[in-house]
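Can you read through this structure? Questions will come right after.
Chain lettering (A, B, C and D) follows the sequence in which the chains are written, and residue indices restart at 1 in each chain.
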């Protein structure tokens, strides 16, 4: 119970760096970032302009780190940041921002707006202005081990199911395995097919792999709320697990933010490079495909389209692999407009899906995805992020669109020939 | 003060002051901004050809897919007035003469009729983007005094320069002095307004390019 | 170095007789109206006046044009006073062209005077007195 | 039109008509309306003669004698010279026959005799560097001499740009620390007659005024007689019409130059220079710089030597990089100072960091 404005300001002073200073000095108020943000395009409300979501941070930067800003604060030209203001900005910084990075992608002066929102959240959370929903998720992740409250027994139950259903072993805490597979709690609860798919794929590729009993949850609510200390704590669990099991590669599950947290923020959070490699499952599949370790049979014939998770594609650089994989198993794969690097967010990333009071806005923003889908009119929608999947399902239901959503890994696994016979051999 | 003394002042003392404040301000601001530093990214980099800070510095000049359609005025108007300003500032013979005087560097200029046209087109584009700023809800919402001020600072030198060349309204000498004065105001305020993006745009683009390049995202 | 090596370019200035190149500024014709106005004033109120040609932006060609246009009247008076001065009436009686040369022969000042008789030509009563004294001296010498 | 001056002129063979002609010309030169010439002639001719000719002391300081040359070239036998005859030039090193102690005696005698009434003419600037040691006369620095002689003067005429504004000795980097008369003397009327050299008739015009009215003529804000410095060279230049029409010579040998077009773009400083060259001309009215095809250097304006180059058009900046290195250093220092302050602040925030726990997320 110690969050305070003072603490928030201090944290912001800590995280403001040269890129932020450069970005604020470069902004010409052209408003192009608004055109890239689905919360603006679907509501038409200018307060959702991405750069505007950073207004308190901008003022704080100027007041603390520029001579003129300090002067302005002294003579009262520039008003200090207040608790009330931050509370008002909560909606802008969390509910209406999924850290999707489209604004950063279009800014003509090159401002990485998401980079700044991520840092601004440090101050928002430290000053007690993070939304209850995300605080709850963080709480559960830290205390229970996963944002949805999933504990190891639940995982073990899943493992048992899969082993029984598919006849494939699910290794746990196998030291020296090549891959350590992470899960997101959504997959544990809602999409158990994922675990089965991994088992099939790994088996076919002939790779050793394992789950880790102390680090099975990959999602990082600490990063979503914007608190590096807590995010570090969560990353550290995975690092400890991976180092304990001496694995070569940790596979981030079909979850965008888990990937960003582990792949790009992880080493920086713990302050040292990892001793292992981090890959998204799609990257691994891509690699297997390239090396001929992934063999599929048969094709889907209905019309499929692919929703790129922002953190995987735009913010993660994995764009080609999912397309190659889609074409491997589908005869009728059609791209949505803006697909790939400029794909539109599902509207629930960055922790936004955990905010109950943001649901209405989320549904409003989903109209963007709806319009994309309306162009393609797919029979099914494939993605590679469990969170996207949930949000997409909610949205599709809300707009009464009958389009099933499935994970790419499962889709691939479905086309892997039955291996039970081989197992006996 | 008659117009000639005015001219003498603006091209002498006035310009000394303006150029000095400009240089002082630019250095000060650059130090102020970039000395804040940043932490090195120690996550394992994924290198991809074409993804780097330098690539982005150039690539960001081109609108991303689909954006041109969403905000044509910003892009087309922006292109025209930026390029127009560059033409008028750097390819007008008297300006080249001035640069040659200062630095010894010289290059061929464009015919004055062309510069004249460029100035008119530039001003027209600037008026269009101003109207756009007034009309578009987002732009109006984002606009502060600084935006109107910066627009005025940029517009006046073009207007006065063009009027001086065209011998409009005021005698050449007075108009020329006003032209130099407005350029001086521009120089003085550039480091302290959003116009400073003329410098930081390269830093900002480089940073975002560097951050994305680290992840193997070519932007 | 032989002098032949120096390129000599002959420029025939007489060919440049177009109005734009003749050195005319266009300010001279305007003066005619002013002179006319001054002449009217002389008739109406007996007031003499003068125009200082040096105080006006006139090129040498303008002056030539004006001199030629006003023409030469019947009277020309010359005054020998530390350099020659000429006071000549133009074809318009009452309009005088007054040129003061210095001892080097250069024009020191130049006026157009609009008057019946230029002041400078009239003898001053004091000088007339001196002249009278001189006359009396001459007469007394006769006896 | 009776009076001692006209009588004394008459004795020297100058007729009334000659004097009237001179006054008409003088009026024209002083940009006075023609009618003023006659009025001036009458007033000057009728001026009551002092029982004694007014005493004038001429002190030369850091100068090139160009000013004296200018005056003396026209001294005799012109009418300006006649005006000079109306004064008693009691001390002028270049012209006087006396030398050494005799000269000094003449100076002190004149000062004593005419205390509070003599007119002091100064040409040359006054060096302040090394306690004035750069220029000394009779063992005294110019500074000392000026202060001493100025004390008893009725008024001071600063003759030439050096005395009026510091002139060439003051040009960058001003090694002698040269200053003008008005920089030193604050309690006497000073009339500046700048020019390098000044026009002789300006000198005589001022003297004529002094003789006629016993006072100094009306001056502008730079202490120059308005009659001669009231308008710019440009205002009264016979090439002005070409300027107004936008016809400029671009080089000294192009067609524009041959046609006598405006020399503005070749660096003519006429538009910003107040002087009477365009009307009075030089060398007995023979010609003047612009008429000879060269732009005005602006020699009668303060700091003309450092105004950015004689051949640089007025539309070109004079010397914008003058303080650039200083500004760059100041900017860099300010920037570095701010950087240190910022890094300190950031460091302090960092070291004050308390690791957030779950409880810290709530207020």
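Brief remarks on what is shown
We adopt the following convention: a residue touches a chain if its C-beta (ideal position, glycine included) is under 8 Å from a C-beta of that chain, and two chains touch if they have at least 3 such contacts.
Just so it is clear, the model here is predicted, and its values are computed rather than measured.
Across all inter-chain contacts, the pair with the most C-beta pairs is A-B.
The most centrally placed chain, judged by C-alpha centroids, is B. Set against the C-alpha centre of chain C, every other chain centre is closer than that of A. As a whole-number value, the distance joining the C-alpha centres of chain C and chain D reads 33 Å. Taking each chain's centre as the mean of its C-alpha atoms, chain B lies 60 Å from chain C. If you average the CA atoms of chain B and of chain D, the two centres end up 43 Å from each other. Centroid to centroid, with C-alpha atoms defining each point, chain A and chain D lie 78 Å apart. Of all residues in chain B, those touching 2 or more other chains are 28-29, 32, 35-37, listed in ascending order. Along chain D, residues 334, 338, 342, 346 each make contact with two or more other chains.
In chain A, the residues touching two or more other chains are 16, 65-67. Taken pair by pair, the chains that touch are A-B, A-D, B-D, C-D. Listing the residues of chain C that touch chain D in their complex gives 11, 13, 16, 21, 23, 25-27, 49-52, 54-55, 57-60, 79, 81-82, 85, 100, 102-104, 106-109, 111, 113, 119-120, 124, 126-127. Across the interface of their complex, chain A is touched by residues 28-29, 32-39, 41-44, 46, 48, 51, 56-57, 60-61, 63-67, 70-71, 74, 78, 136-144, 147, 150, 192, 194, 196-197, 200-201, 203-209, 211-212, 214-217, 219 of chain B.
Interface residues of chain A facing chain B in the complex, by the touch rule stated above, are 16-23, 25-32, 34-36, 40, 44, 46-47, 49, 51-52, 65-68, 104-112, 115, 263-268, 271-274, 277-278, 314-317, 337-338, 341-342. On chain B, the positions that touch chain D within their shared complex are 4-5, 7-8, 11-12, 15-16, 18-32, 35-37, 94, 97-98, 101-102, 167, 172-173, 176, 180. Remark: chain D residues 334, 338, 342, 345-346, 349-350, 352-363 touch chain A in the complex.
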